[in-house]
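Just so it is clear, A, B, C and D label the chains in written order, and each chain counts residues from 1 on its own.
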Amino acid sequence: MSEQFEPVIVGFLCNWCSYRAADLAGTSRMKYAPNMRAIRVMCSGRVDPQFVLKALREGADGVLIAGCHPGECHYVEGNIKALRRYILLKRMLKQWGIEPERVQLVWASASEGNVLADAVDRMTEEVRALGPLQWRKSVLGGNGHQPVAAAEVEVKVEEV
Amino acid sequence: MSEKVGVYVCHCGTNIAGTVDVEEVSKWAGEQPNVVCSRDYKFMCSSLGQELIEEDIKEQGLTRIVVAACSPHMHEKTFRGATERGGLNPYLFEMANIREHNSWATNDKEAATQKAKALIDAAVERVIHHQPLEPIPVEINPTTLIVGGGIAGITAALELANAGNHVVMVEREPSIGGHMAQLDKTFPTLDCSACILTPKMVDVGQHPNITLYTWSEVEDISGYIGNFKATVRKKARYVIEELCTGCGICEEKCPRKVVDEVFEAGLAQRKAIYRPFPQAVPKYPVLDPPNCTYFERGKCKACQILCPTGAIDFEQQDELIEIPVGNVILATGYDLFDSKRIPQYGYGRLANVFTSLEFERMVNASGPTGGSIVLRDGETVPKSVAIIHCVGSRDNNYHEYCSKVCCMYSLKFAHLVHERVPDAEVYNFYLDIRTPGKGYEEFYNRLLEEGTHFIRGRAADITDAARLPGEEGKLIVQAEDTLIGKQRRVPVDMVILSAGMEARHDSVDVSLMFGMGCDFNGFFTERHPKLDPIATMTEGVFIAGACQGPKDIPDSVAQGAAAAARVGGLISQGTVMMEPVRASINKEACSGCRICNDLCPYNAIIFHEDQKVSEVITALCQGCGTCVAACPSSAITGAHFTNDQVLSEIEGLLWDVRERQAVPA
Amino acid sequence: MKTFSYFPGCSLEKMATSYHQSSVQTTKALDIDLQELEDWNCCGATTYFHVDELLAYTLVGRNLAMAEKAGHDLVAPCSACFKNAYFANSYLKEDEDLANHINYALAQDNLQFSGTIQVKHLMEVFVDDVGYDTLQERVTHPLKDLRVAPYYGCQIVRPRKDHEDVENPRFFEELITAIGADPVDFANRLRCCGGSLLITSRPAAFQLIYELLLNAQHSQADVIATACPLCQTNLECYQMQINQEFGTDFKIPVLYFTQLIGLALGLPPKKLGIGTEFVSADHILTFAKEPA
Amino acid sequence: MVKKPTFSEEVANLLHASHGEPLKTCIQCGTCSGTCPVAEFMDYTPRRLIAMINANLKEEVLESNTYWYCASCFQCTVRCPSEIDIAGLMYALKRYSIWKHLYDEDAVGPVFSETFVKSILRSGRSYEPVLAPTYIFSYGVREFLNEAHTATTLMLKGRLPILPPRIKRLDNFKKMANRIIPMGEA
């Protein structure tokens, strides 16, 4: 059979909980899909929708945003802000015909290496099932026009 | 401008090299744009490894450093050091985590090698956009705020004060002492709680370095490590402390008696003007208006008339006091699980079912019964007593966690019953006897010798519905004796419910006020569950005692002292260096939309009405970046996490798949 | 005027006709319209789940589907029927796969479950839809000084966890107070009556019934009030045999709560099916008096 | 390759999804058995039965009378500190043993259950008198007389139906049931 499709997932992990969760998963030698490549942000609240769009545009097949559990955010409630943005972002991606599984938000505390590892495994399978994200076909419809810049503003304004 | 980047790939013995083809990776890295030198080495964190970096900077004039090794939480500081010694600004360094996030997380060598390249390329792309930064020095105000005057808070206060530091202690109740002041004996040594606690309370009351605010609460806290500002509400006592000598005449003459639900757990009465207990610190009484005849009907004033020093002031108002402090120690303690939540145990319905706290007061020599164990009627001595373990604990319907102290205090209760009522039968219904601690297991063995009946099984029902001879007029505890595999009904005269500890009812509000988290049970979250159970995620805020999780006295004392040591360390440093990860607003670009103002959890962003622009108070900013992400006109920059840095990091991270669908320019 | 689909259940057809009559009478008197579900089938009782869970859900599903057609919430007076309907309803709502299976079968009777209604126990109708206050106002013959043992039994409260308080419900007591009677402190009010054990293992059932009667006697109740035909049968029809078995002389009438409410509303005992008891309830009638 | 499920897993699979936690979370506290009103009649307490299931003692478990004694009062289910639906578990065991015919032959429970089900499938409603023969034989003479007496009194008081009730759309009803478990008669 032909070699199976290996999706690439960009992970935005908050410095205090989820990045440490990934560290813990490693330290405790949990094996999980190598498809997620992590970027450390101080707080999931720092994840600007344009980061997500950038990642998808640059060839990622999915984006995982991970932060502290609600109520456990190191910055009181940055994760809640992230959640709000995430919901808006999903709405927007839907309009562009991007499957919801491609962008996911999970809570994983510093002690939940397994939670993060499972999330990565699950998401990898889901995205693999969806196949590669063809940004050009699915979003730009072939022409070079990029709706993204406009979209960012939309998201942010809705924020308040 | 083009930067000269040096890339260093660590083998970490075989930890990385075992899975990642490090030679291949470092060779590949060397071929990437801007990378002028790339090496792999057995142990980059070793002094030799670090020297490699230092020399290359000097000899090859590197301007940026990337180390691909373990997690930045492990060695970022180490390599920043090396970078600095090499003569570069330490923040011109970036780390690629190819161990925890890669070699340890998969066995697929090929995939791991590929991922390592991506992570390194991301770091390279990112580090190019790094800017030199300077850590922010912060002055430490040597005064420390301690919230809660229980044994943990008292210990911390005395440690700090004796070391010559000023301490402000705020206690909600009229006296310090906390739950420990209510106890009679302490396990396993059985020394009298008051005897060991009251001297410490007195020390706190008299210590020149300790300012004590009882009957007070912290209403607000602002600022940051070294420079907090606490607002304390000093509730009206209706007693002028300067004049009061604590003679107690007011209390004696007050005609109004009310049930003392707090200190005496409802077993005894107190006056409307009162001190919770004779050894209370401070000695000043408190008047409680809702129960005071004068406040109700406008007459009486017995206390005022009879006070020899004229210290009663019915007009007194709450005071708000602002106190600048450098660090905070939270020692707010615990609440006892409310046994009424388990109706099948009959507390509140069946008279002779007691809570552990009620029993503590009862056996206390200075308590309502003078230490004699009697039923609710106040005279009948029980011939048989059942002690129910794990009330509200180890039960997903209430609290999943083990409350840790109940086993030991239940054993203590059993012992006290044997001691005071020698011919009484004592039945302990337990799930597991948990006695980890010095002298604890020995105490358990002692109880076995004293003839306590231990029945392994959670009590299911406590009822007065007799059905067998010998059950009439008794309380019947029904449970399975799991070691025999039979259901048993044990008729007793008295039942004691060993209720667990739970987080303070208002712990969530408190944690929010101090900008830190608490777990799902409401206990405060420590910075690290193993390596740092004293600090919190908020710099300058520490926790001690049962507010972090169920604890007995020795543990609380240890943590209190530890917290004091940590604060003491900071005070003697005088200043702390803080990560320069801060947000700043470009006035020109700011549209004044004020979205960021409300987003900031630290109120670090102010709005200049005149210029219609917002500004970040660097000292208050904690660097979360939420505002940066939210600014519609991208006017806010988050130092060390700027948009260019993250965006180029993304590009690097996806170097191998970009072609797959790169967007035509 | 509130309308409900009414599912009497097999027992109320005969064994517990009095429960049926009193339910219909009292609800009518209180402006509640119970419309008997047309062509309802047995819900399978508890026994059914012993044999095949899926089939059991199908049986209940048919009744639920018919109630949905009628467009009213479903009310069951029998606690076992109620429990089956209540849980089948919530499981089918949350488990699409299960619902599909059931609907495949229901299609044979041109029915379909879509999860549009709620399931209530008859007592809940009195508690929520009539309300204590209204009930109190409507009472013409308060049962003053009648000491009533509120026997909840099992399945009216359990295994619902979302229920107000499974370990310490008070609604039955409130109802009894509302009709002017005194609820006694009945420790065993939530204990099992043995249910169908009476058939499968008599000694166990007898033991349970004995304990209940004993506890009711200790609490000096004049009458035990129930909300379930099986409880009623076990506690009442077997009292004589219990007396033989345990050498006791229990003579505690066991009435349905609807019968007591009926009396308090001044309805004629005959209409409430009073008179078909094994243990005479005649002296209870004397409590229902118009206030002087 | 597929590994054979343990008995514990088999039973867990028989529990409806909404029936709470799988058995392996049991902490053996005995709350269920302390609560159970008929525990004294069971050969093993519910807690012990769970331990036995987890220990894979299939035969002993299925031969035990414990689960036939469960009267479905659900007191254990609501109290279990590990949120195990113990009553649901008893149902599962009943189904399992009937389905595999692994119950003890003189047990009344299984026979009764099956007759009950058949009677419903025949008429759409349950009919007490039909049930009588299925269990009456298991009684002693005195019990039999008592039972007969109770029955006649019920008749006299008009509390027993003379004719079995039937539902109208019985054919559909049988077809419906047939779609779940095909049984010849329908």
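Heads up, the rule we're going with is that a contact is a pair of C-beta atoms (placed from the backbone, for glycine too) under 8 Å apart; a residue touches a chain by one contact, two chains touch by 3 or more.
Given the structure is predicted, the values throughout are model-derived calculations rather than measurements.
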{"item": "Pair sharing more residue contacts (C-beta pairs) when B-D is set against C-D", "value": "C-D"}
{"item": "Chain whose Cα centroid lies nearest the overall Cα centroid", "value": "B"}
{"item": "Where chain A and chain C are represented by their mean Cα positions, the distance between them in whole Å", "value": "53"}
{"item": "Inter-centroid spacing, chain D versus chain C (mean Cα positions, whole Å)", "value": "21"}
{"item": "Whole-Å gap separating chain A and chain D, where each centre is the average of the chain's CA atoms", "value": "49"}
{"item": "Shared-contact residues (touching 2 or more other chains) in chain A", "value": "none"}
{"item": "Junction residues of chain B, two or more chains touched", "value": "344"}
{"item": "Multi-partner residues of chain D (at least 2 other chains)", "value": "40, 79"}
{"item": "In the complex with chain D, residue positions of chain C that touch it", "value": "10, 13-17, 39-42, 44-55, 58-59, 62, 87, 90-91, 94-95, 98, 101, 104-106, 108-110, 154-155, 158-159, 161, 166-167, 190-192, 194-197, 199-205, 207-208, 211, 237-238, 241, 244, 276-278"}
{"item": "Residue ranges of chain B in contact with chain C within the complex", "value": "342-344, 463-467"}
{"item": "Parts of chain A lying in touch with chain B, wherever the complex brings them together", "value": "6, 8, 10, 16, 19-20, 22-27, 29-35, 37-43, 45-51, 54-55, 57-60, 68-69, 71-78, 81, 85, 110-111, 117, 132-136, 140, 144, 146, 153, 156-157, 159-160"}
{"item": "Contact footprint of chain C on chain D as seen in their complex", "value": "16-18, 37-38, 40-41, 68-69, 71-75, 77-79, 85, 87, 91, 94-95, 98, 107-110, 112-114, 116-117, 120, 124-128, 131, 135, 139, 143, 146, 150, 153-154, 157-161, 165, 167-169, 172-173, 175-181"}
{"item": "Contacting residues of chain C [partner chain B, same complex]", "value": "165, 167-168, 187-188, 211, 214-215, 218"}
